[in-house]
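Across the two complexes that follow, chain A remains constant while its partner is chain B and subsequently chain C.
So, the complex of A and B:
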């Protein structure tokens, strides 16, 4: 439990700022819908699909997920606190697994944020929130897990905090450029687990002294 | 001189990663233009000219976006982060003013940004003859100046956020939110007040020329006299944000 609390303390500012930003912009888009480009011509469900769950807000979600995946023992080593963390009576694999679990839970909460905002605000703009939002949030969560695991792995490889950030962004854009479509949903759980397991393997074999 | 070396050591890995990404993306765009053009033709209007293709892939596409992201990342760091790591006391004990510390870090960052901005021009000029493409060097140089000017505002936004907020990634997240807010607000203002449209532009539009008077959307090339006034305006905004960061750091207790 304390490990989860440690991981939460390390990421809560990023998570809370990201959640607030997503809620703010989703809310703005819903309330000021006529002021969003091309939105006034769209049906409400189409507006939600194209303007809330796609475009700039989706990109913002991607950036937030990458940032949530960063951190870990290499960054702690740079700060000088890795020795304290490693002296805890738990295996490195457990440390990594708990950090990944907390990060994935935060990512899931971020993915649900637009759905939550839409459920609350749709009646205020005299619209009915379509059930589609749950499926769209699930898509975000599935792809978010894959993105999270890429950043998570790279922060186990690159020592500098910003190098891991730059490398994660570069890799994601390269993927977007080459593949030009999101990863198939059934592939994301094994992909995420494989990358988190690789991070744990790296941590187990690395010398942090 | 040592301050310059310190700033360089702190940021060189980011610069090198950025240079590899931008250089590789430009090289791939030039050398493999035939298959990429065919792939893009399925989702965009035909890119019949080399100018339209280079604009779509480099100056409006992936490379521009990568450059924007790198501009943010280069702006991160500084004394607040050093305080978290525990080294700010050593840095502040150096016999130099905080103004000088920050000025050197900003200058090194902007020089690195300039290197990234000019990189597409170098790669395109070097590889175009091999790939039998024709893209004017004057266009690449004009875009490089626009990228540097607009990129400096993103750099300055991250630089300011790093001076205001501790935490390794909080500044990046806040700078990104501010950037998205700027884009959304500009688009909203255009729709609500179409008469202001000519005076409203986003950082991305300055970089790509899209919607700007100095860009010909049919030929997808920069036209007319160079937009010095816009470059000066965005540079002034950058200078203002960097000055605010310096002023705040001067008064802060570390």
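So, the complex of A and C:
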């Protein structure tokens, strides 16, 4: 339990800033919908699909998820607290698993943020929030898990936070250029688990001097 | 390897590329008491400690800490329940307060002593609501000690505990270590502050260039180690001093300096037989021993 608390303490600023930014921009889009390009010609559900769950806000979510995935023992080593963490009677695999669990939960909450904003704000703009938002948030969460696990793994490989961030963004950019579509949802859970397990394996086998 | 040792290594080595950081170290630290681990900067002390704690994997060799193998993950986990470690920079989690750090650490140890925690918190005057990042280095050391001591470890390992502390904090630290050892905890601490080691340690191990060059009890050193300065009328007969107990012989003109770990009387008699014109015998301190060992890198035998 306290390991989860530690992971939360380490990521809460990133999470809360990301959640606030997503809520802010989703809210702005909903309230100022007529000012959003092409939005006035769209049905509300279509507007939600194309303008809220795609485009700039989706890109923002991707960046926030990458940032949430950063951290871990290598970064702790750079801050000087890795020796304390590693002297606790806890396996490195458990440290990694708890951090991944907390990060994935935070990512899931971020993925739900547009749905939450839409549920609250839609009545204010005289619209009904369609059930579609839950499915769209689930898609965000599934893809977010894959993105999170990439950043998580690269944080176990590269020492500095900027190197892991740059490598994650480069990898995602290359994926977007080459594949041009999100990873199929059924593939994301095993992909995420495989990458988190690889991170744990790396942590178990590397020296922390 | 035996359970009489708190730390017991067998040819423990660590190599980084072509650089041997630790070379075939056979370290034996008896349970109870205080053992100082001396060496110059870069001698391999921290690497050795981190291998004992499982943070760094040895290139070769083996070791046990509190009877648990350092290369076995399950045994190592059990060992970490019973061993406390205070790292050189005493860094914990900067974003937590002192009270949060204590609550966090307490959750991992079933035998945590709340009474000791409260006593140390008062004694060290640590502000519970202050964040770790706002603590001075002295306060951080005290917090790290509190977290280590409140669980009553069997073995307390400290890496350069006095580094960066002011004289008053160093004094408090040394007194804490002595009191902790008196309560039955084995203490193993690395340092390059000879005066501190000489003040509180029962035994000292000296590491130089990755090699263990001395492992000696300080009582034995005080009783037996001697510097014998011998003057001659002519050329000193160096060959006459290759006798048991002689650690090192250095000639300077018509005078020779002998460092002896035993048999000082026999060496003096040898000098007289060799027509010495003057013989002076003085006890040597840890500083002299350390300088002799790191300057000459000779292996010392356990007395």
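One rule holds for everything that comes next: the second predicted complex is superposed on the first by the 209 of 209 C-alpha atoms of A that agree within 3 Å, B and C clash if a C-alpha of one lies under 4 Å from a C-alpha of the other, contacts with A are read in each partner's own complex, and residues count from 1 in each chain.
To be clear about the criterion, contacts are C-beta pairs under 8 Å (C-beta built on N, C-alpha and C of every residue); 3 or more make two chains touch, one makes a residue touch a chain.
On a predicted model such as this, the values are computed, not experimentally measured, just so you know.
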item: Chain B versus chain C as contact partner of A:67, first or second or both or neither; value: first
item: Touching partner for A:21 - first (chain B), second (chain C), both, neither; value: first
item: Touched partner set for A:209, first chain B, second chain C, both or neither; value: second
item: First, second, both or neither for A:163, with chain B first and chain C second; value: first
item: Contacts of A:32 with chain B and chain C, given as first, second, both or neither; value: first
item: Partner chain in contact with A:9 - chain B first, chain C second, else both or neither; value: second
item: Per-residue contact with chain A, leading partner among chain C and chain B; value: B
item: Partner chain in contact with A:173 - chain B first, chain C second, else both or neither; value: first
item: Touched partner set for A:80, first chain B, second chain C, both or neither; value: both
item: Chain B versus chain C as contact partner of A:1, first or second or both or neither; value: second
item: Chain B/chain C common contact set on chain A; value: 79-80
item: Touching residues on chain C, where the partner in the complex is chain A; value: 46-47, 50, 53-57, 73, 77-78, 80-81, 83-85, 87, 89, 91-96, 100, 103-105, 107-109, 144
item: Residues of chain B that touch chain A when the two form their complex; value: 11, 13-14, 17-18, 20-21, 25, 39, 62, 65-66, 69-70, 73, 76-77, 84-86, 167-170, 172-174, 176-177, 180-181, 183-184, 187-188, 191-192
item: Complex contact set, residues of chain A against chain C; value: 1-2, 5-6, 9-10, 79-84, 86-91, 204-205, 207-209
item: Contact set on chain A toward chain B in their complex; value: 13-14, 17-18, 21, 25, 28, 32, 34-37, 56, 60, 63-64, 67, 70-71, 75, 78-80, 158, 160-163, 165-167, 169-170, 173-174, 176-177, 180
